[in-house]
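One structure is given here, and the rest of the page talks about it.
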Amino acid sequence: MIRVTIYNEFVHEKEYEEVKKVYPQGIHTCIANFLKEDSDIMVRTATFEEKEHGLSEEVLSDTDVLIFWSHARQDEFSDEVALRVKKHVLRGMGLVALHSAHYSKVMKTLLGTSMTLKWHHGETERLWCVNPTHPIAEGVPEVIELPMEEMYGEFFDIPKPDDVVFAGWFSGGNVFRSGCTFTRGYGKIFYFQPGHEEYPIYYDKNIQKIIKNAVRFVNPVVRKESDLECVGQ
Amino acid sequence: MIRVTIYNEFVHEKEYEEVKKVYPQGIHTCIANFLKEDSDIMVRTATFEEKEHGLSEEVLSDTDVLIFWSHARQDEFSDEVALRVKKHVLRGMGLVALHSAHYSKVMKTLLGTSMTLKWHHGETERLWCVNPTHPIAEGVPEVIELPMEEMYGEFFDIPKPDDVVFAGWFSGGNVFRSGCTFTRGYGKIFYFQPGHEEYPIYYDKNIQKIIKNAVRFVNPVVRKESDLECVGQ
Amino acid sequence: MIRVTIYNEFVHEKEYEEVKKVYPQGIHTCIANFLKEDSDIMVRTATFEEKEHGLSEEVLSDTDVLIFWSHARQDEFSDEVALRVKKHVLRGMGLVALHSAHYSKVMKTLLGTSMTLKWHHGETERLWCVNPTHPIAEGVPEVIELPMEEMYGEFFDIPKPDDVVFAGWFSGGNVFRSGCTFTRGYGKIFYFQPGHEEYPIYYDKNIQKIIKNAVRFVNPVVRKESDLECVGQ
Amino acid sequence: MIRVTIYNEFVHEKEYEEVKKVYPQGIHTCIANFLKEDSDIMVRTATFEEKEHGLSEEVLSDTDVLIFWSHARQDEFSDEVALRVKKHVLRGMGLVALHSAHYSKVMKTLLGTSMTLKWHHGETERLWCVNPTHPIAEGVPEVIELPMEEMYGEFFDIPKPDDVVFAGWFSGGNVFRSGCTFTRGYGKIFYFQPGHEEYPIYYDKNIQKIIKNAVRFVNPVVRKESDLECVGQ
């Protein structure tokens, strides 16, 4: 059983009508619904408004994989909780960071770079699989067309990924490393670009398949119960 | 002084008027001309029609970096010469493989994969730098637009590159790992996709800058005088 | 069900008493015996003496993962069969190459380098896990001591591995990248250094665990029914 | 001209007689002396006791490559200065982190992991080059023996390096990724394990050669004048 916690900021869905229409119960509920189809996955959710953003020590200790979507409140996100998430990733908890979560405190502290990129609303994306032997690509077509998506473009200031699984083509002329894996400590990370809140990206069956594969890929091989220390011997 | 040998098949330029117009003296001469601008580079050329394709043991022993363009005669290329090139790369000779040379015997035997890809004539390419700290990217703009180029598209069946320096965006909807480095033995390899024979790609100042940077990057750090062997000790 | 074929040359075990004592029924039988403990693995074996070395088109088409041990007859191994194995790896068949198989025709044609290294009989090896989040490291202790093993030492002339999972320390003063993954086409490869024929390495429970993990890791994500070709579109 | 700033904590050399004997004027002076042999390198030094540890905005803006040795005062090192160093690395400044600097605030914030390892005083190290084509390995022998060094051992909790150039063998039975490159933003980083303060490591001509090569390798390809930002377009 993989214990998944889905953190979604859940602000845009309440503030903007056009987002509410797409995700009336929030992005987290949409993701929870398709993950629940799989009997080996157990889901709980957390949002910005909850105490400690719903990511208490207790919750994270009981989480194998954290899915993370955030945007409007990234600056207000608690420093302490960001460091707590980092701690659990270094001990082994898997992390699937979606779309604008590239710019979250969690991702910045784990990856160490500025995480900057180019962006533009309202383009067509074609998502190409450039690493078909990767477990995250299992059962995924070689190209997925997203008629409307926010463009994210290079140069994307990330450390060299362990693997680039998907590359995005955007109608306006940009490319992007759209699906990237990283390892930090005992934790595996998958960053996945699609998922602008105004477009129904997370209802796409192929996008759902990728997120399900990612959950299994970042599910820890080993989990440490305390922080690592330098060991004299 | 970097001793560069430019191998160009030199068949299309003689057989097709539209290619002859672009490269009246052959692609090799065009490349030689811009490399000669740099006083630390010494150039010689070789073509398919020459004895041993101009790539004798003597020539390769006297070559630091081999630039390689081929297409129409790849099947007829001598197996022996292909293995000779491989031998020299493993001993340290640098290799810059251009455009359709991905499918040459030399590249196939060095990389070990099928080297297959998708292709289509006559699209616009935008070549994005996704690795701006790489020496091959020095002084190169973040995006280069090639109004007309042959599309090469993923999935490109190559081993995982050491580095992907450039990613190609094509107007028809494809992406490509357009500039990739590999190491084999003591030799460094740069594969660079632009350069279809019907379009004046190698006259572009930015493309020239990339090829000059690549020559310096693959120039051997160390060169062995004989093949490596397993050593009991 | 993972269909595993174990190719073992099976020459040393018949020619040398000291090897026969360790593996009276051959290395392949020892490996088959521990793999059979797992109900999701189906095993068959092949040896050098068999027709086409037991690796006919039919056998390979029916194989998900090929385990490969060879040494004394590597030069006499059929070129045709080596290319056949390569073809199936490029289409997706997994490959686990053990010990001296680094120098087999199969590995040389897939990896493209000389595959040379340093060697010396009769040292103690300590095998360190340097990549504990890798699936091949699951359930494996951080260090495995092999009281007697053949030293394999750097410089090991391989392309940059996708991942180095294990690093070997040898009592005489050498180090080695002892467990390395590679991808070629749709096929995953794991090279694993331990397994000199005079020492009972493959009876070690931790070594067995690593090989079992490797079988699952290289088990194909996708399998192609024919060779890839360049596709005009 | 490469403008190098050598930061050395310079505490052990004043507090311990045995360290003072080895580096009477501090590790920074020893490193400065051998770097000054090269006419393309300009050197200045900085120490913990200086205002802002000698690493003011002005100094870092005027630095191409920062060499960094620290140990006893890593906890007391200014958070603000650590972030300033990070900022300059992301903009392109090169960083050569030596020995115990793996555990500095600067390295932790750039790499994102715990940076933990095993350690033990007083072993023999053999430093093997496992990447002889890397520019940092130019002119360096395949193995360097350090009769007395502090053992640093795996598991070393770092992100996957861009390249592992050197691997350390220690007489007590440990191995270590002793020379690793990373990229963060526009900055290149080389971490190099040798250099315990009680042993005359930085007087070794081969160690000096490696540090000189590293300075040239991390010297920026491009330098940004301000922090990167996400760019809407």
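When the chains are written out, they are named A, B, C and D in that same order, and each has its own residue count from 1.
Keep this in mind: a residue touches a chain if its C-beta (ideal position, glycine included) is under 8 Å from a C-beta of that chain, and two chains touch if they have at least 3 such contacts.
The structure presented is a predicted model; accordingly, all values stated were derived computationally and were not measured.
Colleague: Same or different: at the chain A/chain D interface, is the fraction of residue numbers used by both copies above or below half?
Modeller: At the contact between chain A and chain D, which are copies of one sequence, the residues are largely the same (over half shared).
Colleague: So if I superpose chain B on chain C by CA, what angle comes out, to the nearest 5°?
Modeller: So the angle, rounded to a multiple of 5, is 180 degrees.
Colleague: For chain A versus chain D, what separation do you get between their C-alpha means, in angstrom?
Modeller: Chain centroid spacing, chain A to chain D, equals 33 Å.
Colleague: On a C-alpha centroid basis, what's the spacing between chain A and chain B, in Å?
Modeller: That gives a centre separation of 38 Å.
Colleague: Return the residues of chain D touching two or more other chains; collapse runs of consecutive numbers into ranges.
Modeller: As it turns out, chain D has residues touching two or more other chains at 132, 153, 160, 183.
Colleague: In their complex, what parts of chain C are in touch with chain D?
Modeller: 126, 128-130, 132, 142, 153-156, 160, 163-164, 167-170, 173-175, 177
Colleague: Mind pulling up the chain A residues that touch chain D in the complex?
Modeller: Interface residues on chain A, with respect to chain D: 86, 90, 103, 109-114, 116-120, 153, 157, 159-160, 162, 182-185, 227-233.
Colleague: Which residues, counting only chain B, touch chain D once they are in their complex?
Modeller: Listed in rising order, the residues are 92, 132-135, 137-138, 183, 186-188, 220-222.
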